[in-house]
């Protein structure tokens, strides 16, 4: 089976490039947060710290040794899930992140699902009725959706649905212990706020990509075989149009993560965003470093998944570079 | 002039964008009320003849705040686009001129790496080390813009490098640098102008987001994101505090996007199909 | 009774008339050739049979297909006809197939859309259709994807899709224009075989009189949306009336007058040239593979000579051109222009480069769209140490433009203001402006309509006599090469397989490949072209 073999080859190649990206990203983050500030211990304790307290903190946080040794021990720790110890809370960072991740990750996935569920049908619908009133209204709504700042949209939703209508609470998170639906309910307004601009962009990309594909020669071939417009659209155009859409979907994940950090602030959700801002004010560089690394890790892994999806959609990629 | 009317979106977009640029410029010499003077007695007033958009929790005139805020937003986004273009475009041209070479490989790998860092994370890192300021927002958004322009330029330039007129220029003895400047850059300029408009509008959104979470402009510098953050706790008491700065962001971004669409139609009819 | 009967068809798109009063007929088992240059409306006539027309099209007249009035049918009825009663083959095989589906699935789809059969049965019948299109299952299994096939093979897949249900009528719109000449001959042979096997009617559309002349039983010649000549093929050729069809015929077999004073002195000497490309199979960490694009090639061009270089796509002729121009270094061997190497110290040797110029194939892609003609044609001045300035420069521009039949005033225009033929003239003016000795014409007339091509060939012949030019004329088109070259090289897979005086090589080819090429080249019947 030559196809399976080339697929495996493609996978291994992408996996190697994923690992290289992760190493490069970790070096950048390490340099920015542990080398640029000079002595992180002095940075965290402030200007008037005594040398012996500094030394004690350095040892506690594993900040002794050369830059190279420190990087290796930090990166080695990351590999086994050890992010170090928070300076402010003196607890393992991995525990702090673990709790918050269960808010931020479901939020991002919820928003991604919503935006995909809205964008795909809307984009296909608009493209298949190009030039109609339906197309024009989809284009108009998405034009607004792209321009609206998501945190402002979130505030307006709080005003309407939480304060006036009282359908949702204005913020906070009951925890997953309170039940799946209680948790999802608390995440609904934030997820809608996050999803709206992304859904708008995705709808427009889906529409224009589909319109491009509908102009291709092979659609004409399909019509010459006797397929109706609808059959040609669904059987031949949609899958071809997905290729550029996947690219945008991959990019959007990083916007969603960044957006989630901001939106968590609007709804007082105890996610990674809150953690990172608290850590910045507390000058807790280790926590900031860990959260940034985790988010960059997520972005890189999602783009790896997108690359894999390309190969699944497009047989040409399994062969070529 | 008549070409301006060809596109249905160019003129409205241009008009909206110019309104906010004008507001920002006017605020340099004149604002209705001084935004640095607090007047607690006159706080949270609804819109009226004296204060067209009302006053905030410190009694400052919201219209004046929005004018000054426009200055921050536009300056940050504009400089960030400038950083992205001035670094990204030459990198993209160089990568395309040496396609497949080590330079191309290094530039594209570096691009991939920067793409993994949303501007918010760059801002988080800078702020964690150097503290918050509007400059952080500029740097963070600017760095994020670099790979955007580098990729766009490289992609467009690559397709041009396959044209016969580039071969003709090579036959005329011109080197890659000269060809990039004489043939490639003028032919990708339209694309760059359109993308510049789009990155400008994204920059305004990003600046608002950063200053909303406190990673951008710091008080007393007025900024739209900051105004929204301050209004949040009072949103049930005085919704207009949250309404106007948000509308300002929405309309500016909408104007720039419409202008970008219109410019795309105007500058390159071939791109019309690819409109997003 | 005829199978397809188009009567007084008129068609307009958004109110702009495209076809006027077009009538033509196809009978079962017969081939109708529809000939015309670009914009003549020949493809639009074909698409109107299928009713696959752009939005905003309105038709009047009558199209009857096996007794049904096509213009009166509803869209669902049309869908039932398309693919079942009428099959269609398109010009561009590279883009006519869905890149994401296997060829088996795409051929089977024709069957599944029209008949209520199981998927596995459709697959069996798809395999049979592919076999009839001469893609046997042992070499081209149903699981192949389009990108794994060559252009000719893809065109066979499109044909298999079109004939899977044994339609009564097949429409082929320039089916071989994008293919090499030997592949073209095979595809035409296949179409002919299918027509006789199925007693199918074939409407064969082409811009090339010679392609159709061999095959068609009946002919229709179109110009500007109207039929100017129609009838049985042999009669049409003998009794041509319309000035346009006469001109078309004359242009097809046109031989420009050329004196060709060849001197003994060699101008360009290519000796044992080898050009390898290194490619990596899987990105930059994969295995390296050497690909030899040009393999120990040697030849000479004498001063004043016009040398032809013939070969199909991928044979290495473009690589050889770039090496001669000094754009790329060769791995071994040497290229000497007037005794001096064209490539020295990692750079093209400017001393000889300024004596060579090139004209490319694509009249649209050869010019920077943002420059005026003046700047475009003076670009080669960059090669000179002291380029002319002021009045001298103006004179050079005027002289170059006038020598190719344009006016000095054209210098102020942009390239989009010119037609394809005029652009090729500007390309020639750009080559002439630094008064080179050698001009490489890389498929320089291949993209032009036949009447325009004849004019450009005349211009080239005239210039070579007037300015004592030497040509290296690269083309896949044997008739063009025959009409304008003294000597010819035949290239295959990076090697020169035959070389000699043009007439001798084409009349009595020695190498098998040359024989194949000559046999495959479409020619007008001898008695017609002599007339």
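First chain written, first letter: the chains are A, B and C, and each begins at residue 1.
By our rule, a contact is a pair of C-beta atoms (placed from the backbone, for glycine too) under 8 Å apart; a residue touches a chain by one contact, two chains touch by 3 or more.
Quick caveat, the model's predicted, so the values are computed rather than measured.
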Q | Taking each chain's C-alpha mean as its centre, the one farthest from chain B | A | C
Q. If you count the C-beta pairs in contact for each pair of chains, which pair comes out on top?
A. A-B
Q: Quick one: report the Å distance separating chain A from chain B, using the average Cα coordinate of each chain.
A: 22
Q.
I'd like to verify one number: the distance from the centre of chain B to the centre of chain C, where each centre is the average of its C-alpha atoms, in whole angstrom.
A. 47
Q: State the interface residues of chain C toward chain A in the complex, per the touch definition above.
A: 50, 52, 75-76, 79-84, 87-88, 90, 92, 95-101, 109-110, 113-114, 145, 147-148, 158, 161-162, 282-283, 285
Q: Name, in rising order, each residue of chain C that touches chain B in their complex.
A: 284, 325, 327, 348, 350, 353-354, 356-358, 360-362, 365-370, 379-383, 430
(Q) List the residues on chain A that touch chain B in their complex, please. (A) 20-21, 24-25, 28-29, 32-33, 36-37, 43, 143-144, 146-152, 155-156, 158-159, 163, 201, 204-205, 208, 211-212, 215, 251, 254-255, 257-259, 261-262, 265-266, 273, 276-277, 279-280, 283, 285, 288, 291-292, 295-296, 299-300, 303
Q. Which chain A residues qualify as touching chain C in the complex?
A. 9, 13, 16, 216-218, 220-228, 231, 235-236, 239-240, 313-316, 319, 321
Q: Going by the contact rule at the top, pick out the chain B residues touching chain C in the complex.
A: 105, 163-165, 167-174, 183, 186-187
